[in-house]
Every structure is written in structure tokens, then in C-alpha cells.
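Two complexes, one shared chain (chain A), two partners (chain B, chain C).
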Partner chain A sequence: MVVKKDNIHKNQIVYMVIQAQVGVGILSLPYNIAKYANQDSWISTLVAGVIMLLVILIMWLLCKSYPGMMMFDIFKQLTGNKLGKCLIIGYTIYFMLQSSYVLSKYGKIIEGWILERTPHWIVLSLMVLTSAYIVKDSLQSMIRFFMLVTPLLIVLIALSSYALRNANFLYILPVAQNGWMPIFKGSREAIFSMLGCDLVFFLYPYVRASHTQILKSVIRAHLMVTLLYTYLVFISLVYFMSPNDIKRVPEPFIYMIKSYSFRVIERMDLFFISIWIVSVATSFMYLLLLSAKGLAHLFAAPKHVTFLPVICLLTLITSLWLLDSDKLNVVNNYLTVCHYLFQAIIPALLLFISIVRKKTGDKREEQ
Partner chain B sequence: MKNATLVQTVTYDLTSKKRLRVGAATPVLNSADSLQNMTLVAEANTPGEARILLNRKASGLLDSSKNKLLLLGEAYAVHDILPFLDIHYRNPRNALDARLAVVKGEALPLIQLRSKSESNVSRYLLNLIQSAEESLLIPKEDIQAIASVIMDPGEDVTLPYIELESSSQLASVKGIALFDKRKYTGFYLNDTQSPLLLLLKGGKPRQNSFSFNFGSPKEEFPQRQIVSFLITKSNRKLKLTVDEHKQIHVALHLKLVLRVIEYPNGDVEADKDKLLREYKAYFTKLTGEVIHQLQRANCDAFGIGRMLMAYHPDVWRGLDKEQYFRQVKFSPNIVIDKIKSGIEH
Partner chain C sequence: MCNSTTMDSVHLEHHLNAIFKHAEDFTIETLQGPQCNILIAYFDTLADKKKLHRYVMEALMPVVAEQQNIAISSTLHFKIIQKVDNLQELLLTGSCLIQIEGEHPIYAVDVSIESPRTVEEPENEKVIQGSHEGFVEELRRNVYLIRKTLKTKDLVVKYMKIGDDVQSELCFIYMPQRAEQQVIEEMEQRILNATTSGLRSIGDLEQLIEDSPRSPFPQMLNTERVDRVIALLKQGKVIIFVEGSPACLIAPVHFNDFMRASDDYNSRWMSSMFISGLRWLSIIVAIFLPAFYIAVVAFHFEVLPDELVMPIKTSINEIPFPPLIEAFIMELTIELIREAGLRLPARIGATVSIVGGLVIGDAIVKAGLISTTMIIVVAITAIAAFCIPTHEMSETVRLLRFPFMLLAACLGFVGMSFGIILIWGHLCKLESFGSPYFMIITFEDVKKQVQAFLFGKADPSPRQTKWQRIQQQISAKGWNFLGRKKR
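Right after this comes the complex of A and B.
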């Protein structure tokens, strides 16, 4: 079933994880964390990185014990055919819901910052069409695209770093003044922007590398993203005064960059957003791919492309509905529960079951 | 877009009836006439309302994305300026790097003046402000940069202070307007005090020249005793300490390197010791004036409160957030490191 052009080289894992993790949330990251952690938000991202590491380990252990099997097959293997199918449906809906959320969040930012009068469906359809075009082909082509656009992140970092000119480093002092509770609360927000490692684990059998190599690459990528987030949050913390000023603008990054204008490019923020759109697209693509794969497994179809149009249409309609009815926050609340459930609780339970099975299995063999 | 009327400068004034008078300078393109801008005026309750009224008067749709200067009349600036800046922050098309300045008296006449050197009054005013920034006469502040400072309880904003010299149809930068929290205090620093404040805040000197008289007035030509000089280097150290009585002390060390540009009396090298002494006395006195003026205005331009929050949070918690700056004890120490005499001795 694993076709050669779908193989993933071990060096590509890093790009996959980075592009899947960095997405729509990056613009409002400092704002979301600062709501709880104020000037200590940069510690929150570090804490979130450590917590996320646990999630990675759980998923890796699970995949490791069933080599050569897709995550969806592991579900069936561990919980039986019926319950396994329910899990697949659950995950597919989760991925679709997440992608609709990403899409509508994207639409909202584009509407607010650039295209105030363009109808949502135009903006969103363009995004869906481009993403679907890349997802429809082989895995390899999608991952090559991820690799291709990764250098853009450097531009993103450079643009944000320019804001350090107006920084006041006193804004982050004193460190951990209000105790650790707000920091942990803030890290909860940061974790949601770090989701995306699951991409590797759902495509585990395609990766041509040993188990430890995969783990190492994923952790390396995750570390890079954690540091990137910490740095970006740090920049906005020394730029905006917490707690009053940073709570004023939900997208601090664009705001920060908007206040600079150069002779050649007057509105840097437009430039910044165009680069950010690529990051949104890559995370959207991975969600599309995983939902399509989920459906393909459910119906035992050989190719995920068959289900791509349905998924694209459903996501598009859902996100348009979300945008028009202004239900983004409601959905975000549901998604928060889903994140816990699908990223941590279910994999942990499955891992537990698999360990117990192994043990009883070993005993049987001994007898 | 084609029919847009660009707004390049906006003025806010408060009328005697406590209403807002908004003036907008818009450039007039392709006209052979020497007057290349038009002023639109509207009276309203808020800037947003004024914008609607101005839009009716403008030939095209008003476009504020090129608005690079916001002038606040004195009567307007003495009230909380933040609420009416909201329109500048909220609209994604507005320029956040627009400069702000306080104008002595009313701001509106400033955009109605006819400058002989530059027919576009907005460009004229912006150049005026930017060149004063370049020579470290006024701080470089824009709408976005002041937002953090103005909301910070531990630091206060300072903005350029401009005056219209009505007789000569010229605008001139008077110095720095001192704010307390969100309001202009009515106090300002003059053009010799302003550069010193910026140096005391850690700015790097550019074209900052001073001159003073240090001879005895009994001489026949006391004017010949005036020495003019340039500050070429400056190094500032600020040390904040809190003693056991919760008294806040700030030690300000300023090390300067000067270059004499005019000394009609003759030999700089020979008079060096005397000059060093006189310079030190001059700058110590000037620093005293600056700090006195800041404390009168209760304008924490140094961000002492922010430093307290960062390094002595316990002290800050127990402090009177409104009046703390007046209780700070400053001990300035000015050191003249070198005097350069130019190419003549």
C-alpha cells in the first residue's frame, strides 16, 4: 500500500513538523498567552514546549509498538473493528473541525487587516483551492512544498526582530512576579499553537527511518518551533507594555510591524501577512490530508484524493458559516476539549491498552 | 482610489464650547497655483464624527492612510488625549508611524500657513519635525510608540512642542511638551533644556550646539566672552537606589565630550581649566532646571516608575502612583571629559 513516491525521507520530518506546527495561531499567540501570564508569557511557551514533548512521546511509543501500521489501523487493531471505526470517524471530524477553524480564523484576519470588503467565500475558496491542489498529489510533493517555503520563516523572524529597536526590556521584569499559576494557564494557550506533530505519527509507516531517528527529528523540530515561539512572544512582550497595551490588539505582530515603514515598502504589515498566509496554508494542508486519509481508511479506499473534494467543500461551508455567524469563540471552546481528547487522552489510553495487551500476550507465550 | 482625497496632516483643537475642531490638510494635485494644499475644517464631538463631516466637504473619499502628522492644540492636549487616538489605532489603513506634536495655542492656523520654501504645508511641517528629531532637539515619537508609554503607569510621554510665528509665517520647534499620564501639563522644556533631557535619557548627540557667557559683565564687550560649542559624545549612567526609609535616589552621571566652535576671546587651550569648570557649572545648573521642570510637571520622562516596577516591585506597590515622581531625589553628576578646540588653538 505504501507507494514509493509517498516515502518520506528522515530529513524531511523536521520541515513537516515545523510547517504543521506554525500556523494561524502565531499572529495572536502573544495576545492569547498574555491574557493569563502577562509579562511572563515567554516562560509559558517554554513550559508548553515541555508538556508537548510528553504528547510526542506518547504518540511515538504507540507507533513504535506497531511498526508498519497507520495510526488508523492501530485504532482498529487495539479497540476492535467497530470501536476503531468510531475512533477514525472521531479523528476525521476533529481534523475537519480544526481545519474549518483555521480557515475561518484566516478569513477573519484577512478581512480585518487587508480585504475589508471582499466577500469571505472568495478569500476562503482561494485558500482551499490552492491547498487542495497541493494535497491531491503525492505526499512527497506536499512535503517538498513544505521544505520550499520553510526559509520564509526566516523573513518572518527578521521582520519581527526589527521591532526590537523600540523595545523596552524592563517590561518583562520582574520575572514570575505573580507566581506560577498564571504561567501554566498561559502555557495552555501556547500548546494549541504547537499542535501538528501528529502529522508525522499519522504518516508513520511512510517514513523511511528508524524509530529513534524519527523521534530525534520530531523533537528537534519541536524544539525549534518552541524556541521560535518563545522568541516571538519575547519580542512582543518587550515591545508592548503588559498588561494594558498588549491586551489592546489581538494580532500584536501585524500591529508591531505596521508601525514601521520603509522607503520601498510602506506597509510592511501587508508583506508580513503575505508570508504568514503561506504558513497558514501549510497547516491547513496537513489537516486536509489527515481528514482525507481518515475517510479513505474508513471506506477502505486506496487513495485519499477521492474524498478530498467532499472534505474541502464541507470545511469551506463550515468555516463560512462560522465566520458569518461569528461563532469562532464557541467553536474554539469545543476544539479545546477536542485537543485534549484527541491529542493526549485517547493516544495515552491506546498506549495503555497496548502495553497491557503486550504483557498478557507475553504471558500467554510463556505458558 | 482614484478619487481619494489624501489627508496628510490632522489637527485637533478644543473650541470654547468644548467641542472638537478637526482640521485636515489635503494636497491639491496638478494645479499651477502656488498654493498646493487645501484645509478642511469640521466641528464635532469626536474625531470619527468629524471625519464623516469632513467627508461631505471633500471632493473625493477621504483617505487617511497617508496621514503622517497629528497636531494637538494646547487646549485639547491638556485633557486625556488617548480616547481620541482610538480612531488611529483601530483602522488598519491608518499610518501608525504618524508623528504627534503639541502646538502652542491653536493647531489649526499651523496648517493654514503659507510657507515660501515648501508649498505643501504637510511636508513642510513634517520636515521641520524630522530635522529637529535628527538633531536631537525633540524625541522621535509616533502614534504607536507613545501607546505603550502612555498606558504605562511608570513612565510619561514627552512630545515635540511647536509654535507658529504668525508674523513671519513660519513654524518653529520650541522644545518638548511634558505630559503627566495622558494629559499635557502646560509645562515644557525650552530649546536648550530639551536636548539635555534627551541626553539624560541616553540619547546620542548629533548637532547639539549650546552657547553661554562666562566672562564678567563688567568688561567692555561682554558679548565677546560668549563661547559656542557642540556636544560630540555623551555617555549616561543612571543608577536607582532605594534607602531604608523608602526614599528613592537616582544618580545621573553624564559624561560629555565637547568641541568649541566659536571662542572670540582667543585661546581655548590656555583657558581649558577655566572652561572645564564653567562648563561643568553650566551643565549642572541646566540639569537642575530640567529635573525641576520635570518634577513640577510630574512628568516621569526617565521611566523611574518602570524601573521601580522591574527592580523594586515591593517598593512600587507601596507607592503613591500619581505623585511618586515628585518624591524622587535626583543627584546629577556632569563630567566634562574632553574639550576639543577645533583646528585653532
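Right after this comes the complex of A and C.
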């Protein structure tokens, strides 16, 4: 079982994608969607899954046409050196911003639910340090960690499923009462919790599998996550009396789980949050890794470790500032635009360019 | 200086006397016959008197008396030495050197004392069922113990030396068909490159060649059991013996190998699965229970159900210390008792356990220093740590408990979560000679097991317990094992 340090086995892709996707958003997912879609939130997640499939396809087609190249190299190849570098900087900043958002969101929930009086910087720097420790070595060790913690999701599902005891399935009726517009609006919120497929595409050359295998694995993982989200949203929908109730609780799952009483142990929400921290850590790790890789590509450095301390520090400071000045919502608005731009529009444009280039290249060859 | 063909007995005597100037147990005798003198050199302390008499003196008597020079070389036990460099080493391993005056060849006879220690069961790795053989301090005898059971041509035994001035002999054993060539090469390379001024024990060697010396986890398995070594050899592992140590090092290992006792291979699969499950539980309890208790008492009292709140509250109400200090005092006391009991002879050991267990345990509660619940938690933790079958892993676990207690006292469950992430991340990084260390179970394994159980399709896997072996037997038995009931 001798494994090369940075290669990714095809079986590992599924775990990578699942762990990158499931993260900080999972706690407030039903709340965010129900703001728009009310009792049809579960349809919104399904719609979001389909939309994300398109994004996956675009990125995959892009990577497929340039095998053996990192995403960052493809930028340079397609748009020229200068513009490519700008793109790399843009992506790096995007990943860093996203990671500081994840970090401060996590800090907020910890502050609200477990450690009310602990200073932010302790809770946040613990997260940054542990994640940096795992990211700093080989890719393989990080992915092994992702595989190891995946079974914890089952515990999360089991804990949430307990709520079905008090469920009333009539609560999801009537379906599509207000037409399809609110559902689409809700799915926009759901998409943000599904980001993370890009991890595979940014590490494409390291994956030891054929193109179709990679696509299959990514789609399989994405399907799992979509179903998981749909299931979780569904549970919270049938648990809470009316969509108005959900709109009052920003973290519906914790409220749900908090109300259970087992004979041996109470307040399962504390355990739930403890396990959820691991999920946050994995998605934070992937963002750290990608931004470090981005910087390493920018400066043509062989290892991403060199830039890790800088990125960790910047992320930590940004997220602390966000938390203290209570600017989470503002950043979220900016990030929303960034998500569209960096996850969908730019890859689609690049794909378009590459197709056009190929066609013109073919024509030239014919002539 | 001179070689065996040129050195005569006078030279030899001078040469040897110069080397072993200060060794008073070094003996040189001269047998004086009517025709020729014979020089005999040996170490008094290393030579067996009976052997010396039987193989050397008796064989030499006719030579001394009747000048039968030819007879000497045809005597079975005598070997002619080719190189003078070997002389020193031969003498030190208990050989006797012989030279007839006026002739050049030097003969050597092995008259070393047989090791007095017999093969017995290792003290620290007892089993209920199965073989009771353990290794001894002698290298060749250990190799013999393996060869005796593993009668195959497919077994490589390779001797090596390590050390600059005081050299220790090592022995590599592996099955080339099953072991990975890369691992063997890597291991040999590391041993060759290691510089040491002499090994004190097998632990020294382990530290010299392991992958991450800064990790708290053991990366090579250390065992004295013959059956365990043979089972591991068949799984394609490499075994290293060091002269003078009854334990051997095994690599590459996984975390699982430390959690497996030889009994697992012998009991029925249901009970063996139950017991090994219990062991996994014990490792979790041994690391996390005190930390969990501290986190609950110090941070998350609301986790306790209503019925439990009052008993625990009354028990800790009067205690002057914070829970962390309380836990540290008790944990350290237990470690002290354990260490004291370990070094003392068995009879005094009983006193220690009475003083430690009864007197301290009882009095400390009555004095109101430590709460009863804390005593219970610490006792359960200590017992759980003793359930771990390998000594090194048990030590690691006992050590890891302390940082977790600290984290739990500072940040409660959040701290513990991060502790777990760190430990798991660290375990995922660890590699034992190129193979991942923390490979508890893979998806393929599960698939194989389920397939084997449902359909009787089995694929012999290198890492087998009884449970896996049964699966394999279904196909190996050759008759329709699953279909017999239908018939």
C-alpha cells in the first residue's frame, strides 16, 4: 500500500467533494431557504442541485480539454500571462474571503451556543491553527482526514432524524402555493451551501482517474450532498409548525435537537455542534488549501506551505474584523456576486474561449 | 600486519595478548607434548568447560602424544581460519583458537556456553488460548524459533551490523513473496545510514529508523510472541531482531495491529469481534473520559439529566479544587501507583496497591479533597488503559489524556473537538515505511466482507482475523459449505 504523496485515488474524490461541500451553511440552511420558499424549501434544494450540476459540467469540460494542467495554469494558457495572473489573484482573494466568511460564521455560532464569553480570537485561531496543521503537509494526508471524518455525517443525520418523531407531514402542503419564483429564489440560497466541487477541479492533475470516472464520482458525491440537504430541510419543514416558525430561528437544527431529552444525556445540541465543528474545519481546510495553492502558482513556488502562514493570518484578521464590526451580512452580499462570478461566469467564459480557440485551430490545420 | 599463513604461535600469542591486555578472563594455555607444543586461547567466562574438554582437549591428546598432524584438520568441529581480522570476534563469541607450534593454520572451535534461558511465555503479552512460546535474548535461537514453525524456502534471513565502535548484530526476516520490496529497501537504507555509538536496546533502533520521531504514536510494533510474529510475517511484514533483546520490531504497521491480541486469532469470530470492539471502546474511554467529565462539570452542566444533577452536584460541592486540578492529582496518583508497583517485587507490590488503592482512594474522599465521581472516572479510565493489548499504545494513550484534559478545562466540548481533529489529522499524516498508518478500515474491506458473508465469495486478504479466515474457508474448504443445509 505504498501511496505517492500527492496523488488522489479515484475512490477519494467522493469524500473530498462531500467534505468540501458540507460545511458551515448546514446549520442555517432551512432558515435561509425558508425565508424565500416557505414550505417548498425542499424543492429549492433539488433545483439548486440541478443548477450546481451545470457548474460541475462546465468546470469538468474546461479541465478535460487541458489534461495535466492545474486550473491556474489553464487561466494563463487561455487568457495570456498578465490576465491569467489577475485571474489567479482574483480567485485567491475570493477563496480567502470565503474562508474568512466561513470562519466568522463559525465564530458567531460558537459564541451564540457554547462559549458565550470566550474571546473570538481564541476560538477562531484554534480553528485556523488546527486546519493549517492538517493542510500544511501532503495533499494525501488531508484527503485521508476527509475520508476519516465522513462517517461523522451519519451521526449528524441520525441526530436530526430523531426529530421525525414529532413530525407532521401535512406541514409541507400545499406544494408550490406561490408559484415557482420563490422556489428559485430559495434555491439561490441553497447553492451557496453546495459550493465545494471546485476542489476536485482545482486539483485535477493530481487525480489518478480517467475523465469520466472523475465526473461520475463528483456527480455521485454531489447527488449525495443534494439529497442530504433535501432530507435535512425536509425534516425541519415537517418539524416546525409553519414556515413562520423557521423564520424565527436562524439555526433550526440546533433548536430541534435541543428539545430532545434522552434519559442518559441531555442537550444533544452541544454534541451536534461539536461534530459540526469538524465539518466546518474540512471546508475551511479546502479553502485554505486552494488559496495557498493560488498564491504558490502566482509566485511559481514549488510548495504551498510557504504561503500558508500569510493566508492564515490574513483570514484570521479579516474574520475577526468582520465579527467585531458585525459586517457578516455585507460580506455575504459581496460574496454572492463573487460566487456567481467565480464559480459560473468565469469558467463558462473560459470554456467558451477554449472551444472557439480549438475550432479556429482546427480550421487552421485544415487549411 | 600479518595474515594467518604467516603468523606462527609466538606471534599469535603476542598478538592476542596485545589486544586483550586488560582482560583477565582471557586464557592462553600451552599443551606441551614430546614433539610439539599446542597453543590454546579462549575466554574463560565465555567457554563451556565441558565442551572445551570434549571437543578440544580430547581431540588434541592424540596429536600431542603421537604427532598426528593430519588428524586435526579432519576433526569435525575444527575450522581453519582464513582471516586474522576475525580472531577477535571469534574469541568474543565464545570460540577457542588453536595453533600447533611450527605450523601456520589457526583453528577455531565453538565452545560457547549454551544460553541458560529457556523458551517461556512473555510476561507482558499473555494469552489464554494459543501458543505460549516467547523469544529469548539470543538472536540465532529466535531465528530457530521462527524457522521451526515456518518451514518454507520462502523466508529470507539477513544479518546486518549497526554501530560504530560497539557493533550490534541485527537480523532481518521477511517473506519476499509477500513483503513489499520498497519497504525492505527503505528499511535497509535507514539502518545502513544510521549512526550510533552502540545500541542500548531495541528501542534505540526503533528511534533511529522510525518515520516521525516527534509523534507520540508508536510506529513499529514491539512483540516477544512467536505466534504473533509468524502471523505478521505471513501478512508481509518485515521483522528485525537485535542480539540481546527478546523483543523484535515489526514494520510496516497500522494502528489496528496495536489493537490486536493473539487471542483474536483463536476465539470464535463473534466473541473475538465483541472483545475487539470492547478494546476500541476502551481506547476511547481511556483518552476522552476524564476530559469529557471535566468539560461537563466545568462547562456543560446542562448535559446531565435532572436525576444525575443532584448526586454529582453534592459530590463536588465541597471540593476546594477546580475539576482540572482534581483530575490531575488523581491521574498522577494512579500513574505513580502503577509505576511503583511495576518496579517492586510482587510481594511488596501488593502493599503498594493496598496503600494506593484503599488508603489514598478512601481517605482522599473522606478528607474532602477529591470528589467521589472523580475517583470513579479516574478508576474507569485506568482500567480502560490497561485493556489495550500493546504496551506502547497503552503508554501513548495514557499520555494523550493529559492534553485533552487541559483542552476540556479551557474550552469544554469545543476544545475536545479541536483536540480530536488534531489527533486524527496527525494520525492521517503518519506513515509507517510508506504505508498509511491510520488505515482502520477501507471501503473495499467492507465490501469484501459483506460479499463473503452473503455469497461466500472470498478473497484471501493479508490482514486476517478469525472472522476473515472463516470467510476465506468458505471457499477454501472445497466442499459446498453454504449449500450443505439445502441438501
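Following the convention adopted for this analysis, the second predicted complex is superposed on the first by the 363 of 367 C-alpha atoms of A that agree within 3 Å, B and C clash if a C-alpha of one lies under 4 Å from a C-alpha of the other, contacts with A are read in each partner's own complex, and residues count from 1 in each chain.
Just so it is clear, a residue touches a chain if its C-beta (ideal position, glycine included) is under 8 Å from a C-beta of that chain, and two chains touch if they have at least 3 such contacts.
Just so it is clear, the structure is predicted and the values come from calculations on it, not from any experiment.
Per the definitions stated earlier, placing chain B and chain C onto a shared chain A by superposition produces no clash, and the two fit side by side. Judged by the touch definition given at the top, the superposed model places A:Ser210 against neither chain B nor chain C. Applying the stated contact rule after C-alpha superposition, one finds that A:Asn332 touches neither chain B nor chain C. In the superposition on chain A, contact is made by A:Asp137 with chain C only, not with chain B. Looking at the shared chain after the overlay, A:Tyr255 reaches chain B, while chain C stays out of its contact range. After overlaying the two complexes on the shared chain, residue contacts for A:Leu148 are found with chain C alone; chain B is out of touch. Of the two partner chains placed around the shared chain by superposition, chain C is the only one that A:Ala281 touches, whereas chain B remains out of contact.
Shared-chain residue A:Ser161: touches no atom of chain B or chain C. Once the two structures are overlaid, the count of chain A residues touched is higher for C than for its counterpart among chain B and chain C. When the two structures are aligned on the shared chain, A:Phe271 is found in touch with chain C, with no touch to chain B. In the superposition on chain A, A:Ile110 makes contact with chain C only, not with chain B.
Nearest C-alpha atoms belonging to chain B and chain C sit 6 Å apart in the superposition, given in whole angstrom. The interface of chain A with chain B overlaps its interface with chain C at residues 114, 261. Those residues of chain A whose C-beta lies close enough to touch chain B in the complex are 112-114, 116, 166, 168, 170-171, 173-174, 177, 239-241, 244-245, 248-249, 255, 258-261, 269. Interface residues of chain B facing chain A in the complex, by the touch rule stated above, are 89, 92, 95-97, 142-145, 147-149, 151-152, 303, 306-307, 309-311, 313. Within the complex, the chain A residues that touch chain C are 1-3, 11, 110, 114-115, 118, 122-123, 126-127, 130, 133-134, 137-138, 140-142, 144-145, 148-149, 261-267, 270-271, 273-275, 277-278, 281. Across the interface of their complex, chain A is touched by residues 180, 182-183, 299-300, 302-305, 411-418, 420-422, 424-429, 434-436, 438-439, 443 of chain C.
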